[in-house]
Amino acid sequence: MNRKELSEKIIAAKTQRRLKWRDIAAELKLAPACATASLLGQMALSAAQARRAAEILSLDEEAVALLQQVPYRGSLGETIPTDPLIYRFYEITQVFGSTIKALIEEEFGDGIMSAIDFELDVARVSDPKGDRVRVTLNGKFLPYRKY
Amino acid sequence: MNRKELSEKIIAAKTQRRLKWRDIAAELKLAPACATASLLGQMALSAAQARRAAEILSLDEEAVALLQQVPYRGSLGETIPTDPLIYRFYEITQVFGSTIKALIEEEFGDGIMSAIDFELDVARVSDPKGDRVRVTLNGKFLPYRKY
Amino acid sequence: MNRKELSEKIIAAKTQRRLKWRDIAAELKLAPACATASLLGQMALSAAQARRAAEILSLDEEAVALLQQVPYRGSLGETIPTDPLIYRFYEITQVFGSTIKALIEEEFGDGIMSAIDFELDVARVSDPKGDRVRVTLNGKFLPYRKY
Amino acid sequence: MNRKELSEKIIAAKTQRRLKWRDIAAELKLAPACATASLLGQMALSAAQARRAAEILSLDEEAVALLQQVPYRGSLGETIPTDPLIYRFYEITQVFGSTIKALIEEEFGDGIMSAIDFELDVARVSDPKGDRVRVTLNGKFLPYRKY
Amino acid sequence: MNRKELSEKIIAAKTQRRLKWRDIAAELKLAPACATASLLGQMALSAAQARRAAEILSLDEEAVALLQQVPYRGSLGETIPTDPLIYRFYEITQVFGSTIKALIEEEFGDGIMSAIDFELDVARVSDPKGDRVRVTLNGKFLPYRKY
Amino acid sequence: MNRKELSEKIIAAKTQRRLKWRDIAAELKLAPACATASLLGQMALSAAQARRAAEILSLDEEAVALLQQVPYRGSLGETIPTDPLIYRFYEITQVFGSTIKALIEEEFGDGIMSAIDFELDVARVSDPKGDRVRVTLNGKFLPYRKY
Amino acid sequence: MNRKELSEKIIAAKTQRRLKWRDIAAELKLAPACATASLLGQMALSAAQARRAAEILSLDEEAVALLQQVPYRGSLGETIPTDPLIYRFYEITQVFGSTIKALIEEEFGDGIMSAIDFELDVARVSDPKGDRVRVTLNGKFLPYRKY
Amino acid sequence: MNRKELSEKIIAAKTQRRLKWRDIAAELKLAPACATASLLGQMALSAAQARRAAEILSLDEEAVALLQQVPYRGSLGETIPTDPLIYRFYEITQVFGSTIKALIEEEFGDGIMSAIDFELDVARVSDPKGDRVRVTLNGKFLPYRKY
Amino acid sequence: MNRKELSEKIIAAKTQRRLKWRDIAAELKLAPACATASLLGQMALSAAQARRAAEILSLDEEAVALLQQVPYRGSLGETIPTDPLIYRFYEITQVFGSTIKALIEEEFGDGIMSAIDFELDVARVSDPKGDRVRVTLNGKFLPYRKY
Amino acid sequence: MNRKELSEKIIAAKTQRRLKWRDIAAELKLAPACATASLLGQMALSAAQARRAAEILSLDEEAVALLQQVPYRGSLGETIPTDPLIYRFYEITQVFGSTIKALIEEEFGDGIMSAIDFELDVARVSDPKGDRVRVTLNGKFLPYRKY
């Protein structure tokens, strides 16, 4: 069983048990994005978390071991995602990438937002004209080292 | 003069005048991201905004006209950005794209976060271990039409 | 069974039963394009629709569950489609994309035609010189948010 | 002057004269899409039409000659368009390409919708929930020759 | 069994029976190129032809059904073919594509040679300096519609 | 002046003089395809032919020299041609490449059709249902050397 | 069993029997490169050679048949080879391709070195500073046909 | 003046003076391939050689300096060369790459043929059936370091 | 079993036995990078090393044979790695490649750092502000041969 | 003047003055790699450093301003570098990327080596068998945040 097969197994088990990512996350004492990314093969769990996930989703020992391994990251399998929901984030990078660069560098100087010391959050924002999705990307600023 | 040349001209004028994107945005009565994206050739300005921008940056009439045109969007000129700051956002899409999809669909049902009815914000979050960058992506949820 | 295997199973069952997409669509009370896209793994069905589809095509419980899941969309598996029928639509985008952009922006202002709040229709147009195919793309206009 | 430079010149002249594609098209006695595509370098005009276009837009003799030449078609300069408006049409091909193929072949048998004996129309559809864009693709059905 | 597996099965059966494409084509009352393309998964056969092919090559009912389905066309599985025989045709398109375009447009006006209402023939031309291959591409001229 | 600029100059001179490729070819005592390919930068002319071409098209000495040089071949500037007329030949290679390979190898054994010891012809075939384009590719068969 | 699987089987059998490509080639009365290429799925063997190879490597009848078939050539499965030994030959083409073109055309006129009527040899050249590899590419010169 | 412009200038000067690469090479006391590669921007010359080349080809001081600089190597400007002469070497790598790897590793063990401590030679081999091109690639064997 | 499957088997066996790459390397009397690369399918082991590795990891005879074979190198399966840890090395090549080239050529003259006669080391560097990773690339300088 | 043109100007000025990167670096009080990367358009200089660089290389005010701007990083202009010196670093990433990932994660846990808080050094290592290049990559370890 490789990591991708485990992810499919987890999704099937979750669907069958009518569970929600957010509820599983609460059980693992992790934020929803961190738990979901772990179960979709993009983050590693601690031994205790992996075991708890296995209980909730009836996974075997091999799965418990796999969930603790650091994965080879990259969830899409394509350079440019074809799925419209995910593509919109690629589009935002294409269209607003230079804007984000300009604003971060103006505020912080030469450096980047870390994608490692990084938190992701997805939330609903009520709006009378139609509710909105708010995705928050929160990463440590890392200044370029001048030496 | 095409749009890319105008953007370079604007950056040069801004540097020379020691202006900040955020200050120009305030003058245009726009959020910083919206103003910056407009001046970097990714959004269109109203006639009044274009004229005000031209005053601030000493741009000519051709620039005023161009700034009001809807641009051909896409700011990078490469499929996968090589600039590390911008690449991190591509990386987030690669690594966490499937997580974002799972969480949005669990919360909202089948649909996407709009990248058109969309606001972007870049902010500093103070942190004793090192300040952080918070990029907020806020788009209307659009449900897939079933017909 | 993954989504692609289910689509192949559905096509085989449909062929064996000499059914038509349009007839299945009528049974599901959906437009032909919406029903076909669902059965080809590009849209999700409601529980009732999935169950009805399973009856018509003799699909098992796993299929009923899969048909209700939101799929990872993108039906081609190639960047540029090699199939001539589908390629013509890529060609139309290449050749007339700038024309469509010009005409939509002239009529509506800065924004896009939604591909989410969107309906597709394929129809025959009788013509003495040879019948014609009319593909109608109908999507909500979404104006770019200026903020 | 090559074709792309001519297109840019035409757009500039049109903007300066505050003309609309639809009005120029009426002057050329062409449908809006056909006229716009010609002026954007994707279709050829007749001698009379080229001359009329030159009058309207104050173009020189070289432009009149160029407008009558059959162009090397393909308006994007990228395999996958980054502009969101145009990308949505690529997305529709990715997501609904297999559906369109299934429905055309079910209705007409083995063959394609021509992109050559082809008409394009872009229209506004009033809708209380927000007006809609209707793009109609109308091409002759061409059956595959069996020999 | 998918179409590619069927093609491999057909090639194996043909090799074992020491048959020739041209002889099978005669049995199916089709030109060699049309019959070969059908058996290699690029064209559809009629019910009678599919049945006859199955007799000749000892194929089962599933194969008979598949041979009548319109395939997803594209026989190479690579953008630029690596096989030298096939590559030469890609090379001819690269090197002489602009020449073919110039000569067709000079003779016929603005339009294309159809690849749908199209016949292909491969023949031997005796030559004392070494026999030659003559590949004839014969397609209906389709004029661009001006509307 | 590079080869591409020379080709553009030649096309402009030809248009201005209302010449035809076929007539220029007759003057050069070459087949139309060979002459056109030479003037479009894909073949080399002899000194006498280059001089004659220069007379007909009023080209200067630099052009005469360039026309005799062996060019870096490849006329498209894109991996997959976007121009519909030229794309159809790419499509034929994609769809019928395996058929052509099968038929050549059945008739001649293991080897290829040369694209170097090669002649190209483009002709009109009258047809009551609409005239047809016949493109003939005629190349020496080259057997693979077994050693 | 497809060709790639056969190649892997042959390599395993060769390893197990501690055979050398050069010795197998001698048994087949072929040059080492020709024999190796055949057994790696890039050339076809005669019936007698295929049978002899099968004896040496204990291959079954299906393998004997496959070895006589003309393969779909292209041994790498990637556009640019990642294996360093093979990459160096890609690098030589990149760095010295224009030099080879210049020298062949200066010596022979307009034409190419055939890769079909072609022999390959790999040899060791003793050298006190470290032995050297000499790869000899020997192909018939094919002049471009002017017609 | 960049390196590519210098190469074009050198080719023009060489053509005008009716010089041959082999003769220039003799003047520079270099092998033809080494001299040609240097003048085509792929190798560096010594100061004396650069000066001698400048005399022969009437180049200025800037050219003399450029010819001594180590270039950014890679002469094609495309991943897969479209020029048929150069493509054949790409094809040889594709088709015979695995064969070359097998034979070098059998003879020398694990390592590569250097493309740096490397000599290239292009020669004519007389043959009654048509002269042949012999390209010799001669590089030091470099064993992989095990540590 | 192919090389990739063996690598997965080795990783699983190592995880189960709670072994470390560095400890296995010590057993094989190899540097950690060399041993790890061998077990991940990028280097070949000697017979004794392969046997020792098999003892430690309970591998079968087929694995012992495979570990001694020279692999087809290239560990990523993608042109640009999506895994963030590995991508950073691609990024360093993109951002600092021209710097490395400038500094090596300034110090050593025209040539390269060998990636074959090459050693890799990964080490921890203690640092009060957070420990650091030091990757040392150590390759023989190979001067370009001028001949 | 854009950044790339400035880099070319700097290289030319440096060549003309017979300066070395290492000497310029000493003048700027920067490590050689940091100074070189800045002058090649991949890092930003402080105002004082930019001014000092301009004195040494006789650059104008525009250059002084540009050198202080944060650049759009990525020095190659190609996805896979064709220059052999730089390619070797791409090759190391391809061949040893999985090894580096395994060793860093074993030593440090889940995280990456920063390419931002990062130092690069290029040095000569004397060796009787031929001097060696040692490239040291030294980056802060960044652990993945679990939240």
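Order of writing sets the chain letters: A, B, C, D, E, F, G, H, I and J. Residues in each chain are counted from 1.
Here is the rule we use: a residue touches a chain if its C-beta (ideal position, glycine included) is under 8 Å from a C-beta of that chain, and two chains touch if they have at least 3 such contacts.
As the structure is a prediction and not an experimental result, all values here were calculated from the model.
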Contacts common to chain A and chain J (chain labels): B, I
Taking each chain's centre as the mean of its CA atoms, the one lying farthest from the centre of chain E is chain J
What rotation angle superposes the Cα atoms of chain A onto chain G, in degrees to the nearest 5? 145
Between chain A and chain H, tell me the centre distance in angstrom, where each centre is the average of that chain's C-alpha atoms. 49
Once you find the CA centre of chain C and the CA centre of chain D, what distance in Å lies between them? 23
Would you mind listing the residues of chain A that make contact with two or more other chains? 72-74, 76, 79-84, 91, 94-95, 101, 105, 111-112, 114-116, 118
Which of the chains touch, listed as pairs? A-B, A-C, A-D, A-I, A-J, B-C, B-D, B-I, B-J, C-D, C-E, C-F, D-E, D-F, E-F, E-G, E-H, F-G, F-H, G-H, G-I, G-J, H-I, H-J, I-J
Interfacial residue positions of chain D with respect to chain A in the complex: 80, 82, 84, 87, 91, 94-95
Tell me, which parts of chain A touch chain J in their complex? 30-31, 34, 43-44, 46, 70, 72, 101, 105, 110-112, 114, 116-119, 142-147
Residues of chain D touching chain C in their complex? 20-22, 32-33, 36-37, 40, 42, 73-76, 79-81, 83-86, 88-108, 111-115, 118, 120, 122, 124-125, 127, 129-141
Sort out for me which residues of chain A touch chain I in the complex. 2, 65, 69, 72-74, 76, 79, 115-116
Could you list, by residue number, the parts of chain A that touch chain C in their complex? 8, 15-16, 78, 80-84
